[in-house]
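In what comes next, chain A is part of two complexes: it sits with chain B in the first one and with chain C in the second one.
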Partner chain A sequence: MKTLEMKTLALTGNESGAEAMRQIDPEVVAAYPITPQTELMHKFAEFAADGKVATEMILVESEHSAMSACVGASAAGSRVMTATSSAGLALMWEIVYVAASNRLPIVMPVVNRALSAPINIHCDHADSMGCRDSGWIQLYSEDGQEVYDNIIQAVRIAENDGILLPVMVTFDGFIISHTMARVDVLPDKAVRKFIGERTPLHPLLDVNKPVTYGPLDLQDYYFEHKKQQAEAMRSAGAVIKAVGKEYGELSGREYGFFDEYLTSDADFIILALGSTAGTAKAAADELRSAGEKVGVLKLRVFRPFPAEELAAALAGARAIAVLDRSEGFSGIGGPVFQEVRSALYRRYQIPVSGYVYGLGGRDINVEMIASIYGDLKAGRYHEDKAAHFGVRE
Partner chain B sequence: MIEIRWHARGGQGAKTVAEFLALVALHEGKYSQGFPEYGPERAGAPIKGYTRVSDDPIRVHSAIYHPDAVVVLDPGLLALPEVGEGMGADTVVVVNSAAVPSEVASRHGYLSGKKLWTVDASGIARDEIGRPIPNMPMLGALVRATEAVKLDSVLENIKKEFSRKFSQKILDGNLKAVRRAFEEVKGGE
Partner chain C sequence: MADKQPKWKDIPIGGVITEAGNAFQYNTGDWRSERPFVDMEKCIHCLQCWVFCPDASVLVENEKMSGFDYVHCKGCGICAHVCPVNAIEMVPEGEADKVAADQWGIKEKKTASESGKEKPAK
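Take a look at the complex of A and B:
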């Protein structure tokens, strides 16, 4: 199939997210501002005010209310979105779980920002990593293009009848949300066709077939419901792949669980999420031209965690560094480090070195990443306790 | 790839021009990034902006540490050590100043030997736009000094973008200011 003619736009990450939302034209959007997400919803609210979308905007008084409105509207059968960051996501917490547990296919861009205290508006992944156990699918985006592509795919993934789980599409606050860069967008019609209409399985508003959402569920059935939810998350992998492939046929940009950059013959691989994966690719390019066999594995799908495929992709490496942009406070290492190490357990004996970096927006550049490759080459590993990288001693 | 770092004070339009140059580059079919360094938003405080322009996709997402060009919108900022940080032998420096380059270099030792250009961007902006906002004329000067993009594409995109937000008078003033700065900027030796 021939890929479609794209329109090239100069958009910030937030504008790219808003553009995807405009094309999706959700039936209901709940909005509450928080830096650095504010600009995204601001832009989308303009589309709504200008009649560019038919969306019912619900302007709420907090993020707890934003997610509550989404839960109600999604259970009613609507296609629903909201967006947030940091403390906003933290305030939603209770309802974030309710959304996933009621199997409501809500799509939510999360513009990654550090959690307080001390107060900080810049990027780290503490907010979305805190949601890793909430039952939401999580897609991490490297740049504005991926923000756009992931949000469109998220609708299809969430609404798949075999899955029915909400999806967070994350991208790095300021680093991506406020950087203007090139984004190639599909024609509106192509996006509408790709996502189709939502056909809810059990809409609350179908009065001929009354259903109840969220009743009391004690020792008798709660556990069974949790198991179903876990199975839906496991099955989501195949759907994410299929949707990523179909999106590739449409746009020329195919997506999977992760992106393997120069890894096939690499001795040393850095695994990272989000914008840092891009910077790591630039570092790998430089080191490759100096003859070093290095590569980057960018993890796109953190929930569900693609353990088996990831382990296979890392199998040929002599050592791996995992970069976490959140602390996790396990005393061992960040959430990605622990998942990767656990994925390799009993499969491959490869040293996995953990790095916690970039908290509160601390910058990471090509030289710093090159020094991590240097650590791996020299056999300086942080296997039992992740290093805090780029911090003042 | 060309990497440009903008030094300005809050209110001088560094964020706008860093992003606008990225937009112009995109219209030339290139890849680009434009972004400011976000800190406390105070008018008059020193701020930085960044622009990358490349023929190939840009993957790096850090600040710019080794700029190919440094644009200084307020000459008072030249006293800050961060303006000189990461400059190499070939770094192009464009300063908003009515003084000639040799005079500016004599006051700031780290600039001697650099490809230094000066232009009275505030004066041009005052004459042509009516307010001493130096960002757009500094873009004209930068284009002359680096050829990061073509002057015509800058002018064309000003027409397209500014017509949505500003009066014809402001639009024409910006066009004139950019052209004048492109012609009047001195130096580069």
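Take a look at the complex of A and C:
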């Protein structure tokens, strides 16, 4: 299939997100600045001020208000976006759940940053992993290109009639948000056509069909509404796949639940999210040239968790290392580690070794990842308790 | 009761309510731990109870207090509190059915017991 002619731009991850938002031209954006998301909203606010988008920009006094405004505008029937990081996401917390529970298809880039305290502005995944149970779909991006592609797809996924769940598109603070890279951008018209118009199910502004949002919902109905939400999340996988395929036909870049890099014959697989997957691929390349059968599985969709497909993709490995860029403080290991083990349960007997790394932006490099492959090969596993990798002992 | 209620596939998503006025269908009366009774011999139909009831559960016919809507009354006791002639008594739900059955058995009980508005606590 012939793909469209694309413009190649040099953009930071934040600019890439802003460019996607410009093309989406959401009807309402409510946001509050926080490092490292600031540049994204700065750029988008510039588009709004310059008349490049028709968006109603609502500048609020906090992230709690930002998400509240998004909830109101989305319930009204608008296509709504915001963006945040770290403490901003934490301050939104209550309303993050409200957005998902009210089934409002809000799209929110989250520029991953460590949570306080002590205060730290650099990348880890504690913020978005913290709300893994909030009912939002979560897409993790490796680079600026994926930031752009994921944000555009997120609109279609969120607004799908059978789903109607908000979507978080995450990317690593500073590592991706502030580094410039090549991004192939679709024509504006193609994006507009791909996302189409939002047709809200119960718009609050339809005065001919008045509805109530957020009523009291007690023992006799609440559970039914949670069941609906859980089923929508379960159904989201098929929609994410279908949208990823359609986007592939449009752009030449197809997306699924995860990316498999040299995994088909790999004995040892490292599973990572975000920018670290790129570093892991470089490590795998080096080890492959030395004859080692290693591969990388980059997880893109964390919510819903693609357990069955992931287990099948890992089935041939002798051992797997899971890299978590958040602690989770479960006493066992990070959230990705636990999900992967759970996905393999009773399917395959493969050792899963957990690594918590890169907290507060602590660097991870090719040699470090090569050493993890070395651990797997030597049978040094961290199965019961994840290792804190890269910490000074 | 649960069998009669709609299943998860049959209700609007997100807790959205699409029909107006359906709070009326909601039996908030089963939240009640105390039930108000009115003594019509004492009642002067000033309708203070009607004014203050937060749940519109005081029934009025021909401008006269005629009783309570027990399907919606949550038993807060404001009516009994504001009644200027102490015509309303709050009775624990466990005893309320018996009281209702005995009609004004409540009176005897009140004079026999240590509590009640006529007999302030010592």
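To be clear about the criterion, the second predicted complex is superposed on the first by the 393 of 393 C-alpha atoms of A that agree within 3 Å, B and C clash if a C-alpha of one lies under 4 Å from a C-alpha of the other, contacts with A are read in each partner's own complex, and residues count from 1 in each chain.
Convention: a residue touches a chain if its C-beta (ideal position, glycine included) is under 8 Å from a C-beta of that chain, and two chains touch if they have at least 3 such contacts.
All of these numbers come straight from a predicted model, not from anything done at the bench.
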item	value
Which of chain B and chain C A:D149 touches, first, second, both or neither	neither
Contacts of A:A181 with chain B and chain C, given as first, second, both or neither	first
Touched partner set for A:D363, first chain B, second chain C, both or neither	first
First, second, both or neither for A:N102, with chain B first and chain C second	second
Touched partner set for A:H225, first chain B, second chain C, both or neither	second
Touching partner for A:L164 - first (chain B), second (chain C), both, neither	second
Contacts of A:P215 with chain B and chain C, given as first, second, both or neither	second
Which of chain B and chain C A:E27 touches, first, second, both or neither	neither
Touching both chain C and chain B, counted on chain A across the two superposed complexes	none
Contact footprint of chain A on chain B as seen in their complex	19, 22-23, 26-27, 31-36, 38, 58-63, 65
Partner chain A, residues of chain C touching it in the complex	2, 5-9, 11-18, 20
List of chain A residues in touch with chain B within their complex	8, 10, 12, 121-122, 143, 172, 174-176, 178-182, 275-276, 278-279, 281-282, 285, 363-367
Chain A - residues contacting chain C, complex	101-104, 164, 201-202, 209-215, 217, 220-225, 227-229, 231-232
